[in-house]
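Each of the next two complexes has chain A plus one other chain: chain B in the first, chain C in the second.
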Partner chain A sequence: MEKELDNIFREILYLDDNYSINDSLAPGDIVEWDSLSHMNLLYEISNRYNISISFKDLKGIKNWGELKKYVIKKTTNDS
Partner chain B sequence: MLSKKQRMIANIFLLKGNDISGKKFLKFILSEYYGIYEFNYYYNKFGKPYINNLIFFNYSTTKDYIVLVVSTDEVGIDIELCSRLFPNNLINYIYNESDNYQKDNYNLLKKWVEKESYLKYLGTGINKKMSDVIIDNDINKLFYTDGKILLNCFSNRKINKKIVCYKINDNSDFIIDDTVNI
Partner chain C sequence: MVFSSLSFLFIFLPICLLLYFNPIIKNIKFKNIILLIFSIIFYCYGALKYLYIIVFSIILNYTIGIVLNKVRCKKLILALGVIINITIFLIYKILGTITAMKTETALLPIVGPLGISFFTFQELSYIIDIYRGVIPPQKNFLKYALYITFFPQLIAGPIVRYEDIYKKIDNRKTSFDNIKSGSTNLIIGLFKKSVIADTLGVVAMSIFTGKIISYATSWLGAILIMIQFYYDFSGYSDMAIGLGEIFGFKIKRNFNYPYNAISVNDYWKRWNISLGQWFNDYLLFPICNSKIYKKMIFIFSKVFNKRVAYKLCNFIVLLILWLIIGLWHGIAINFLYLGLFYFIVISLEKNCLFIKKRKVLSRIFTLIVVTIGTVIFFSFKDNKFIFLKSLFINNKFIDNRFFLLISNYYIYIIIGIMFSFPIIKKIKAIIKNKKYYDILHTIVIFSMFLISIYYIIINGYSPFLYFNF
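== the complex of A and B ==
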């Protein structure tokens, strides 16, 4: 599922295949990950996995790795 | 306006490590414009940063642009490229069903920068759907476009502020609003 999420990340942010995605990436680290992309990313993830992402939960999430963990946990808990 | 030397420094400064950092740009502007080299960040309860409790700022980046507003009171700013395609799946995120809205890309982006800059002005972060956000009409709003970028800035009325928009790698910068020197 992590790889799938990385693919979604790459797709939404229009990153080419050569771009190396690492878990420490945070919004603003790359120009493509601005507020509009961030919201689009959350929306896409919530639709693809049929989960509800809480704004309150997002406050503690600092980077892509933490967001992935949150989503994976959510899909496990909500299923 | 930044001098040629300042723009060169800004380019190096901003592109170091291949990231674009508003805080780096802020540090640069404060030193180059105001001679402020040392300062501390303070944060409100939602994590919005301030400087020395006297200087308020906010920044936004998109592709090759970074825009920074520095002020003596609360501010919020957001920028987008006019050429950006607004994701269709976010239309219902920013608009209520009851809202009358124009579905063309320009107006969708315009609404986005308006609401995003307002949330940044409030400093509460995104804590609800944008469609539920109602903008206070008493708050000063500045909207700017040159056909390449859309920019929206909210601030308390009658405050000193400076908005600097910088196009990275292009050696161009411009002041959009410079009410009074702070």
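== the complex of A and C ==
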């Protein structure tokens, strides 16, 4: 699932295939990850996995790795 | 009352500090009451006739906060709260703009309730965060009133989130280091405002409102307005942060060298940071999570491919966002144009790899855009945008006035430009561990204080530009 999420990340942020995505990446680290693409990313994830991502939960998430962990946990709990 | 006034620095603040740090008063409750009383006095000094609005707003949002925590129909209560807050805000914004249009000053004069844009947004964030479950409601009315009226941030921000400050309302300690660092920030802000912003502001306004006969003078005027605007607003924010620190509160920084931005988008992440984050959390997030937005993506994805669908939806959201940011500053045509201008530029930047991938070009592009944006911002009374046009259409390349202004004000201009970039940070990193650092730091800060006082005395009263909003 982590790989699948990385692919969504690459797709929404229009990153090259050779760009290596690491878990410590945070909004602002790369030009492509601005507030609008962040919203697109959240929409795509919530749509793909049929989960709702609350503002409260997002407050504590600092980087891509944490967001992935949150999504994996959420999909496991919801299913 | 203005932070950079003698009455604030030598009467209001010393009395407030004497009472606050009085060894007899140790209980935090009494310290809070002292801060609340002084905050109300501070507000009344400049806006007594509008006190009822802020009092009503505090009672309203305090009550909504309590009710939100108890009822089931949370959405309805929140919607009601948001509508009432925005209605009051809009009424006074429109009335303020109409009154301002009738005055003879070149800039937007101070009309309407002081700081309404800031305390309304602060209170909206409070009730929305309670609805979202991010924060608990404040049950003590006086503590809530202190959160809203706390004088360092009341009139021109930064917009302080309740979640960042509520623990400090109940429990805070002021150490010597807090006071030292707070005083340093206060003096730096004072220097920025009284020495740089006020001095260059007079020159900038004389160019802005006078007859322009050369490109060089026009661009000099625009650059001076940029310097004045940054030093004025960031100076106020530094003072707010410093005062907060002295009283044991930590207010987040509101500026991060905006003219050092690598893109226009980056500039808005560095300028008035608290406002940008507010729009991000309370406007962008709800829009992008709304059913309409989701439906829009769904429909566009059917017609075009997903990539185009996202781009189209982002354009629409960006347009709404920038129109609101523009009009937040005032219901006037120049603010509408300002919003449209940044919408176009940021859309272009987001989709133009040519600019994005070249760092030097991107920085130059950003500075030019911001210069034009600042001129549009200040063209409140210049309906025909005469000054803006003079940047691009002029008779001469250079004139004598340009040389005269440069020879008279070059020191301020050099200092103004130099310290708009993180030079101090680099110097500090080099000498931080040297033995003489502390003495040098004290001498520099004390000298800045004395110079600021001298400028306040010779320049007289000068309100902050952002008081208008």
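Heads up, the rule we're going with is that the second predicted complex is superposed on the first by the 79 of 79 C-alpha atoms of A that agree within 3 Å, B and C clash if a C-alpha of one lies under 4 Å from a C-alpha of the other, contacts with A are read in each partner's own complex, and residues count from 1 in each chain.
To be clear about the criterion, a contact is a pair of C-beta atoms (placed from the backbone, for glycine too) under 8 Å apart; a residue touches a chain by one contact, two chains touch by 3 or more.
Keep in mind the model is a prediction, meaning the values are calculated, not measured.
By the document's definition of touching, both partners, chain B and chain C, reach A:G28.
Legend: residue contacts after superposition of the two complexes on their common chain; A:N40 is shown touching both chain B and chain C. In the superposed model, A:E2 makes contact with neither chain B nor chain C. Applying the stated contact rule after C-alpha superposition, one finds that A:S54 touches chain C and leaves chain B untouched.
The intersection of chain A residues touching chain B with those touching chain C, taken from the two complexes, comprises 28, 31, 34-36, 39-40, 43, 47, 55-56, 59.
Here chain C touches chain A in the complex through residues 132-134, 263, 265, 269, 280-281, 284-285, 288-289, 293-294, 297, 307, 310, 314, 317-318, 350, 356, going by the rule given at the top. Within the complex formed with chain C, the chain A residues making contact are 12, 14, 28, 31, 34-36, 39-40, 42-43, 47, 54-56, 59.
Of all residues in chain A, only 28-31, 34-36, 39-40, 43-44, 47, 55-56, 58-59 touch chain B in the complex they form. In the complex of the two chains, the chain B residues touching chain A come out as 18-22, 47, 60-64, 78, 80, 84, 86-87, 89-90, 93, 112, 116, 125-128.
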